[in-house]
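When the chains are written out, they are named A, B, C and D in that same order, and each has its own residue count from 1.
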Amino acid sequence: MKKQLGFYVDAKRCIGCFACAMACKNQYHQASGVVWRQVYPLKEEIYPHHERAFYSLSCNHCEHPVCMEVCPASAYTKREQDGVVMHHQERCIGCGNCVRSCPYGAPRFNPVTERAEKCSLCWQRLDAGIDPACVKSCPTNALRLINLATFNEPNAVQFPPGYPHMSRLNPSTRFRQPELPKIIKPEDQQ
Amino acid sequence: MSKITKQEIERILENPVSRRSFLGGLLATGALVILPSCRLLRPGTVDTGQVWEGGYQTFRNACSRNCYDTCSIVSYVKNGVLKFVEGAPESSFTAGGLCVKGNSYVRRVYSPDRIKYPMEQQGRGTGKWKRLSWDEAMDKIARKILEIKARDGSLLGLALSKYSGSFGITHYGVEGMMSSLGYTTRLVGTPCWPAGMDAQNFDMGNMLCNDPEDLPLARYMIVWGANPAWCSVHSMKFLYAAQEAGAKLVVVDPVFTQTAAKSDEYVQVRTGEDGALALGMCRHILDRSLYDKEWVTAHSIGFDEFAAYLREHVTIEWAAQKSGVPASHIAAIAEEFAQARPATIWIGYGMQRHVNGGASVRILDALVAMTGNIGKPGGGARYAQMQTWGFNYHAKNQKQPESSKGWIGASGPKGEFDFSGVKENVKYADRTININKTAQEILDTKDPQVRMLWVACKNILSQDFDRPKMLKAFNKLEMVVVADQFFNQTVEQADIVLPVTTFFEEWNVNASYWHYWLSLNEQAVKPLHEAKSDIEIAAALSKRMNELAPGSCTFPTTVDTKDWTAQEFNKKELDLFGISSWEELRKGPVKAKLTSSAPWSDGVFATPSKKYEFHSDLCAKNGHDALVMYKEGRPAYDKLRLLTPHSKFGINSQFQNLDWMADFNSEPYVYIHPRTAALRGIGHGDAVRVFNKVGEVRLAAQLTADVPPDTLLMYEGWYKGLAFNCQNLVDDLSSDMGSFKTGAPGVAIHDQFADVVRA
Amino acid sequence: MAALAGKSGGVLNIVARNSLDCVSSPQENTAWSIVTSFWAPKKIFCECIYLGRILDNDIILISLRDFFAARDGHAMAAACATLTKAAPPADGHPASADTADELEYAFNRLFVGPGAVPAPPYASVYLDPDHGLMGESTRIAAAVYDALGVSSPSNGSLPDDHLALELDAAVVFHALKAREQSAELAALWDYFLRDHLMLWVPLFVACIKQAPDVPPAISHVASLLSAWLSEESGAKPVTHVPPCIN
Amino acid sequence: MIPSMELPLVFFTLLSQLAIGLTLLYALRTAGPSVQPEASAKTQWFVFAGILAFSLIVSLTHLGHPLLAPRAVLNLSTAWLSWEILIFILLFALMAATAYLGVTRRFVWLTAATGFVALFVQGMVYSPSSFPAIHNVLPFAFFLVTAVILGAGTSAWFAPQDTQPLLRWILVGALSAGLLLFLVAPCVWLSGGIVMRLTGLAYLASPLYWAHIVLGLAVPLAVILVSRRIPSWLPILLLAGALCGRVVFYLDTIHTGVNIGGLQ
């Protein structure tokens, strides 16, 4: 299989501390309100405790990116060598079709530059041989950079509950499910 | 006049901001702008802003916040501007990554909201500010100090309120400035951890904790009343390592915290009844004689008396009824804890913020001691350590002017970082009043009354208790000087505000009270606007004081933060870290060379008896029960309990005001159990009013079973533009211990009660 | 500002300053009118000052610079006075109604602090997407000063893209252009005006207009600032007003 | 959806569908073998072309960078949006040519067919996988029904008397189909996945949706069934109803990104 980089989101280790999301802002200083990496709390129908399990998501660098597909101005390209999906600012006409069409809401509309922008897997850092800013900043090693060609984590899942199931796009993100502790509560507070 | 060449204009334009060629493209020329600009025709656009370019200048920095993790930082600078920060890879604790707060530091340095110049408010709270030069500001302050000295004959009318807003060692220069002026009034003590500190000192003679990096050796871990997943994110990887090596992680907490979600077993204890639960476990271990007889007889005193107390006063059923934890589970946990070798308890600071906080910590210490887990790598009653804080405190130790008069009588330690011990036979001393009752103390203190208040590294009106009373106390003060970076709720009530530097703009050094790493803090960028560091402010004040009244201030009039940082190091400290000169810290943080990762591994304690003291006469001498025993909690004064713990998005009142942080956490909530909310007709997201005898807070509610049905929970913090302040609900009732080591008792922050209704 | 060095009170350490002293006295200005906003109820479109006659002297520019570089009420009031004399507001309200102190309080509340200011006078707050200080636009401003052979006296503590420094650079440009016509200078001025000043000053003025209870004197100064800008670029003033930054 | 960007699109789609509807109705009216082109055909077709041109200009204001609009046809290989722009330009050219060169039968039918395909392409642009409720043929169905309703309704203003009954029947048919379609769709969605159900609930809870159903479809249907001809004020009602329906289509269709972390 060709080299395809992606994120491994280990929701068992993830403590929802937002360090990764802020590390992205710390690196790229996006306009206020524009967030490339968001930490989504799992709703109680998936993890029975309010805001105690999370998925940290940015762009999934899909095998068949819908943003690249629907962009009328061909502003997206997918790098041959590692499968990173990149957005080229100067080609963007600001039509918002990618923002509308990506089921994961990865491209965001920047009201200042009136263009779309999204996580580019820190390709400048990758080319310089260092980890993306979010992966490097995770304190519990819950967000890791993986190469799908050599990735064989046994209990990894591609479409966990709470993550839109879009097999045609074949997103490169893989997940590990959160787990629940044994809970001992006083009788009257079950 | 320099000949402008084409290359120079090109050099200006060929920058990442405007890639289009200057003379070429239609977009580039100004022609566009001439046409009436409307939605269709756009002026030139900007790129997405900064991208990683390489070729950065890097500096070593140390996060100076009051936090377990005290990270070593690498800051990346280009053209004298801080671009981004990362964790230092050399530290195995920071391990290359910061937290959500650490990653927002660039925004603090370059926020347009930052306080830029010294300014004076015409009437507190009026919002009418005039700009002052540093000379004018120092002149006004110096004249007021001299006026107080003339009126009272001493400077006891000048009070200092300073705590943990910025923990860099040279910031103790503020205390130094006060001493260099004369004998002053000091708000001493700490709201944070005093009861537990006293308890550990009575039990073991000092507060020392195992190196957190030895947690993977533990086989059984209880995180008791602490939430490292929010307040010590870098410790989590060590808890995980232990779990992966087969250890069991149990979390005991009234609230189902994020740490509880990562544990193997979560035990919900009733708030404030941790002591009862632990005593129940002790009694069960005693009955099953699972305690470590050899260790107890060899290294402790008073165990028999404690055992007799257990048999007489404690039963597992009593413990279950008090703590709400079923008896069967108390027994099971007790046995697992006693049989696991080694087992450890991480004693949280939240757990001791009760009227029985000190007593509860002593019980938990006893539980660890009787199972022989003290002095064992992977074991220990982990609370905090100050071993690595053995600096010279050169900035702090300034001499009072010769003829200064002051407070007559003994004055205890001025906070946990005052290692000068209790001074008895001294002619004059500083007057110490309790920082946890700042409002009451300012109102009550007389002859002389507190006339002037200097606030540094502290946000009184966000963090100190009983805010309505605090506003009354402020009205009694003649002058309030606040040194800060942002216009928070205390600066709103200040007369003079002085802009201070962030730690990127000054030299400093920093250690942690949890892990054993030491980090240097280099000056990465020049101070922005007219910000000065605390010791530069002290020097400027001293210069003006001596111009007005020669000899009235002994603080040096010129200061270099790099030089003063160097003067903080001594041979003992360098040896502890195995370095020959502090310059080596420029290559990265270093870890203390410990003989064993566990203190007290030689079984010799710092108590009078040189043994672990279940029975401590020193404890009795300080007005508490000599023996480890149960102490009643605070009776409820309202319908529901109110907890105001720390949020993961801020440290006390810092960070939440930044717009970067607001992008992820924009407003405060009160968390209510669905059943309790239903009784009051409160739905998810409804606006509610939380009120008690102290005051009220209006905010939105969120329903969750993470909190017990009898408890309301809101996280403390200061949100830009919101009047939210949980101190409107927290009174200043003291906790049981704290005076012995910090000069004043702690405060029962989590012994508060309130009611809630739809707004 | 940091010490406002410069021989003749100019904000920048102007290397070649002598040419400025020959500024002619302000000629009398014939009538100029204020076109009130098109939709009276909609405050989005601020008044557009369309100048009947081109203001042909630098007195307005220098006073504007002095106003935004002022540190205390008196300097502000003085700058306001010269501005009102040079270009009296049409509706004749007495610009100096408020005392120097009131003016200073409002000035600090709008531009300086210590609280969060609604209209920070720094280009990078409006041009750089993350609305911070010391951004890319600050580097551009510094580069333009560098090309002019001047530098800010504050050696980095005062961001180079502060309005006072940029207006002072405009004064320098006028002085240099008066003395010699060089294509590069014109090109640099054209760039500095159109791709820098024209981009952020209208947004800055809009933030002032949208800020609560702005004293008439300051809104008059703001209107003069946008009038000067449009006169410089020979265009109708930019009426497109995005929502304010803060 | 980003509300601030959508208003121009609402007008672009409505007006373009109106223009296409008018051409379709003209083609149907003059479909008979012996029917001669109508007297005012030329001016009608100039109006159709004008409406389409105006809608294209309005669509420019939706772009962040209108001057880069020509780039929008670069991705013909995969983007339906590129095809949409191309085919609408072609449609405009055909309409203008028909109006200019003479309203011949061949041109009329060619334009009508192109209009029909344009509606299909437009429907495909608005059915990405990120909106489960409309990730199907529904957008095309909505657009086609709206085009016919608007086309038939507004044609009544200038169509010759003898074709009024035909228009009336076409409008009755279209309105009943529209009523059925717009009522059934949200109900079907209620039995779908979480996001689809949220869309259904959002539609049913939206006053604009009911304005479209009642004012835009039901009342006109009743009126023309009772009065046996199309009153001159009716097209205004149809346009207003369609506008409400289209705003609901843009703002209340739920995106999968909104429910990440919840069951899909």
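FYI, a contact is a pair of C-beta atoms (placed from the backbone, for glycine too) under 8 Å apart; a residue touches a chain by one contact, two chains touch by 3 or more.
The model shown is predicted, which means the values in this text are computed figures rather than measured ones.
Steps from chain C to chain D, taking the shortest chain of touch contacts, total 2.
Seen from the C-alpha centroid of chain B, the farthest chain centroid is that of D. The interface with the greater count of contacting C-beta pairs, when A-D is set against B-C, is B-C.
One simple way to say how far apart two chains are is to compare their mean CA positions; for chain A and chain D this gives 36 Å. Between the CA-based centres of chain A and chain C the separation comes to 44 Å, rounded to the whole angstrom. Remark: chain B and chain D have CA centroids separated by 62 Å (rounded to whole angstrom). Among the residues of chain A, those in touch with two or more other chains are 29-32, 110, 112-115. Residues of chain D in contact with at least two other chains: 64-66. Residue positions of chain C touching 2 or more other chains: 128-132, 135. On chain D, the positions that touch chain A within their shared complex are 1-2, 5, 62-66, 68-69, 71-75, 78-82, 85, 125, 128-130, 255-258, 260-264. By the touch criterion stated above, chain C contacts chain A in their complex at residues 128-132, 135.
Across the complex, chain A is touched by residues 19, 42, 45-54, 84-87, 95-107, 229-230, 233-234, 236-237, 240, 251, 256, 258-268, 270, 324-326, 329, 648-649, 659-661, 663-665, 671, 702-706, 708-709 of chain B.
Put simply, chain A touches chain B in their complex at residues 13, 15-19, 21-23, 25-33, 35, 39, 49-53, 89-90, 110, 112-115, 117, 122, 124-125, 128, 133, 136-141, 178, 180-189. Of all residues in chain C, those touching chain B in their complex are 2, 15-16, 71-73, 101, 104-105, 108-109, 112-117, 120, 122, 125, 127-140, 143-144, 147-149, 155-159, 176, 179-180, 182, 184-185, 187-188, 190-191, 193-195, 198-199, 233-236, 238-240.
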